[in-house]
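Heads up, the next two complexes both have chain A, just with different partners, chain B and then chain C.
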Partner chain A sequence: MTVAEDIDVAADSPAKATRGLTRKGALYGVLSALMVVFCVVPFILVIVISFGRKVEGAAWVWGFSFENYQRFFVGTLWPDEVTFLYLQQLGYSFYFAIIASVLAVLTALPFTLLLTRLKRSTQAIWLVFILSSLSMSEVFIVMGWDILLSNNSGLPKLFQVTGTTQWLKDVGWFQSLRDIGLANPRNVKFKPSEFATILTMSYLVWPYAVILLYPALSRLDPSLSEAARTMGASRWTVTRTVTLPSIRLPLMGTTLLLFVFLLGSYVTISVFATPDKQTTAVAIYSNIRGSNLNAPFGSAQAVILLISASICLYFGHLLNRKAEAR
Partner chain B sequence: MRIGGHIFIALAALVLALPIVVVCGAALNGGRSMFFPPRDPTLARFGEFFVSEPVWTNALANSIIVAFGAATLAVLIAWPVAYLLWSSGSKLSKVLAGLGSLPFAVPPIVIGVGLGFFWAFTGGLGHVWSGVVSHAILLMALPLVTISIGLQSIDRSHLDAAATMGATEQIAFRTVVLPQTIPYTISGFFFVLVLSFNEFIVIFFVSASSYATVTLQIFNSLRNGYTPTMAVAAITFLVVSILVFAAVARWGDLPRLMGADQSKN
Partner chain C sequence: MSGLILSGVSKTFGNTRAVEPTDLTFAKGQLTALLGPSGCGKTTLLRMIAGLENPTRGQIKLGDDDITDLPAHKRKFGMVFQSFALFPHYTVRENVAYSLIIGGMPKPTALEKAESLLATVQLNGFGDRRVGELSGGQRQRVAIARALAQEPQVFLLDEPMSALDAKLREDMQVELRLLQQRLGITTIVVTHDQREAMTMADTIVVMSNGRVEQVAPPQEIYHRPTNAFVADFIGKANFFDGLYKSGGVMIGSQALETPANFAPDSPVRLAIRPESACLAREPGQNRIPAVVGFVRDLGPVREYHLTTDIGPIIVEYAAGSDEQKLTAGDKTLVHLPADALRVYPRTAA
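Right, the complex of A and B next:
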């Protein structure tokens, strides 16, 4: 306690101090109630409803059964018949999210490194641009890429007009593109495809990657790498032995956060992914708001998504703690 | 910086801008379908979006109500939490701040589903006011962070000086704490505003199709194919974002808010 605070307490009369205390207590009470009602109850509802049961031809009823979870992991007809359809959807959620987040971080890292070396005022202009792109709604971004990748306008048209398609055919790469589903007999075709999905997803989180890496990278001490440089280390050696080790943890933390964010992405998947590669987020939607109308099963899927995300966030938290301890 | 660095930055900027440029160009189309480059360019779509088409003007009005309401509410809730966290640092205040950030930390579809159920039971489902509250809950984490950064930047010796000169806690709050944190509070407000404008999945679940914001309206129109009017919406939102963040950069310290090192300039 500082001297000034001592004086403060001494100057206040005891009655006044108690009144201040109760007012603080009331504030704590109101805020706690608010947080519990709005930030905790919704999650509890999802968890509780996931144990409920759907009634054929009606909505659903409360209950306590694990059949929704059983259905998720092994299917309704288990043990006679086993289906991994829903696990596979979760697998695709992970698959798309992992590739897209790693891709975003790998490309955002050199960019952010260069950004932090610019003048502070120039940095601010870049940050405005990146924040604006970051806040762009997923629907706008999907719309933009959809036009860019669509067959009638955008890149396929550009490929055709500039003769790139013909060139691809001539050198024989066109067949390889067809084999991985990125071309129809006449021209290149970018959607729906994994390529379009992953491209849009990493575009979606790329500004986040920059913003999240920015604090760690702007605190890098340039004198360290300069010292290594003067001692004769090559640029690449400096990057490998000085820069990368010191940002390893924020790098992994950022990838994890982006991954968690992408786990739930809905619009991109529903527009760009092929029907056999839909993810858990899409399934949640179709169960709760869409055609299936099976809120308990949708909730169970949401709970599983939440648990997956929490595990990742927990590891991210551990990494952060480790980073701060150093 | 070497040439390679400049080329990389330029390339990144190009890819970042590409879909945005395409959407902006598509807004100028004269016909009913989206082409890029635009055919028969006209500005008529802007009139449709802002004035003549009720579908879009209603959606825009809803978006504005939700965004401003949510931003105000989020700041009002985040302020006392951030203040308690800073002034007392008690365990309870840390728990409150943690709970407040929770909705922002989990995949948005999960909190969307949860809030959908919550409003279904409390009778708010499908009302605009529940959309306002939902966005305030979802985005409260942002002013919580910016206000906390602002409070941490206050020099404690100023408070000690105020106290020794006989200022009570309230007076010190009004004359020292509040003025120094106003830029950070406004930044937090604007962050919520912009993100609420652009948020899709949570409002999708809590609106229950009984009203539409602009992002919802665009998603609904996705199934019927794109129209150039949707691109006008995208441009509008982009311009709002740029203006807001430029204002934050101009009157606040954007690099510091984003966590840059103080000592370097």
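Right, the complex of A and C next:
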């Protein structure tokens, strides 16, 4: 390179640098725009629509009214009459999500603990299997459980054919099943029921529970529990005083994540829950796309569900911090 | 009570024999070091003693009691792990009081006792700290206090110094030994560091490939190793392979006199400690011509690395010795005294 060329290159450098910066800025701009369009705009739209108004016999119009929120909390007839139908639905959303997420974590925990004690190659096979099960959609899983629990072709039929139903009657347990709604006068009946709903919801998130718990449990130092054992702790004491406190944070995090995920569960509730125990997610769908066609109210329900989930996450976070501080 | 007795204890993992059938007696109140290279089975042996592994065969007795099948939590042998295994969710005091609390002692009493144990290991005032706030040495002291809290009959330590830096390790070796002597607990330490074993142990058990090679006090292990492995593993040694002839060993064309007695023409391995060999001026018995390769002055000792017809030899002098002062390239004679030469049978391997 000659001296003249050197000077040319030096003169070009600031221009090139500026061009590079501009290109970088443009790229960030496009990415930010995409984020806004695909994530923020729909979210803001839902919030804005939630203040709109349904026109009877027609669609809905933009507006700014708290009517939909008022309807959610105290019903449409307020102040003459107060109804808590939608709050009750929100309550069932929480009820099913809490029980199913806790059940999933409680059952996934011992399984994952055992999994981490297997050979690496065996662990890998199990993890691939569990990960692949995540690819199944909720519809597919619910369909499977629907068949399994159906009165004519599933477990109830099997109970009847194998004489289990008769045996349950003979030992007197059949009446107990009837008392909790899991049997009719002739045979066991698993759906619709809370049992089927919670079982299916737990099954739905169980692989997530394993995948989320696995990293924490595989990092758990086995010498901690061995140390406890040499100090006189039985297996249960080790679990209670060493293992569970050591994984407290991932345990709470996993439960919260599954809980939030299950709050929006739709297909399982539609298929397995009794009509009086439908949840907010189902109500949102029927308002936005279903028979009601009341998008503003559906949006208000969605916003409330979102805020409720956020509050739960916040309290979970506070609990975690408190636990960490201890 | 006569301490801890292992009779024919062995351990097999799948097709791998981790510990060959082993007979050992750990005398009451003594500190025994299980010493050997990585993978020699010393930790497996310790874990079997602790009840964390079941022996494939054999019997473990504590005094007259057979404890072979007794689970770890019923043996209550205090154990310090290589990683210290302190519970991160408890404070230092709660860690030390753990065995007392789960053993049913009222919590205030247990915490009070923990505080006095912390004083024993010179950690007064550290009780409220979290484990993460401690240095390596402090963690080790907490692990020791925690293991001692339940007043164990046997105290086990698995490579307790390996996570510490060299200076701290030396200090802790002495401190641990003093503590053990004060408390008089039967103690078993696993280590791969011969210096650590020599510093702390009353008895050293040298292991290799799952087998016990020698059991003896440190000085005997050093000065009278029973085989070439022990001679090589403990301290430094010069080795020469040769054939036994009556009254001596032929190494190539060089004859060396030794007091050992083997069948004629047996393949043997000779060993001599660097400090047992010396430089010589006059020719004589077991004196070999040598050329100084280089001189390594380490302060307390000076090493002469020599080249000879029978192979390289290191001769070591303590600082202040009045040996010939040689430099690289100088010609000399090296004397290998017959009574300092150890002779071992040499297998084909």
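What we mean here is this: the second predicted complex is superposed on the first by the 291 of 326 C-alpha atoms of A that agree within 3 Å, B and C clash if a C-alpha of one lies under 4 Å from a C-alpha of the other, contacts with A are read in each partner's own complex, and residues count from 1 in each chain.
Everything that follows uses one rule, which is that contacts are C-beta pairs under 8 Å (C-beta built on N, C-alpha and C of every residue); 3 or more make two chains touch, one makes a residue touch a chain.
Because the structure is predicted, anything quoted here is derived from the model rather than measured.
With chain A as the common reference, the superposed partners chain B and chain C fit together side by side. The angle formed at chain A by the C-alpha centres of chain B and chain C is 80 degrees to the nearest 10.
Look at A:43: by the touch rule set out above, it reaches chain B but stays clear of chain C.
In the overlay built on the shared chain, the residue A:22 is in contact with neither chain B nor chain C.
Of the two partner chains placed around the shared chain by superposition, chain C is the only one that A:246 touches, whereas chain B remains out of contact. Touch criterion met: A:219 reaches chain B, while chain C stays clear of it. Once the two complexes are laid over each other on the shared chain, residue contacts for A:110 go to chain B alone; chain C is not touched.
Once the two complexes are overlaid on the shared chain, A:125 sits against chain B while remaining clear of chain C. When both complexes are overlaid on chain A, the residue A:229 reaches chain C alone and has no touch with chain B. For chain A, the partner touching the most residues, choosing from chain B and chain C, is B. With chain A used as the common frame, chain B approaches chain C to a shortest CA-CA distance of 12 Å. Within chain A, not a single residue is touched by chain B in the first complex and by chain C in the second. Of all the residues in chain A, the ones that touch chain B in their complex are 2-5, 7-8, 11-12, 20, 24, 27-28, 31-32, 34-36, 38-43, 45-46, 49, 107, 110-111, 114-117, 120, 123-125, 127-133, 135-141, 143-148, 152-154, 203, 206-207, 211, 214-215, 218-219, 260-261, 263-264, 266-267, 271, 281, 284-285, 288-289, 295, 298-299, 302, 305-306, 309-310, 313. Chain C makes touch with chain A in their complex at residues 50-52, 71-79, 81-83, 85, 87-89, 98-99, 102-103, 146-147, 149-150, 156.
Interface of chain B with chain A (complex): residues 1, 5, 8-9, 12-13, 15-16, 18-20, 22-23, 26, 34-36, 77, 80-81, 84, 92-93, 96, 99-100, 102-103, 105-111, 113-118, 121, 133, 137, 156, 159-161, 163-164, 166, 168-169, 194-195, 197-201, 204-205, 215, 218-219, 222, 226, 230-231, 233-234, 237-238, 241-242, 245-246, 249, 254-255, 258-261, 264-265.
Chain contact summary for the complex, chain A toward chain C: residues 221, 223-224, 226-234, 237, 241-242, 245-246, 248.
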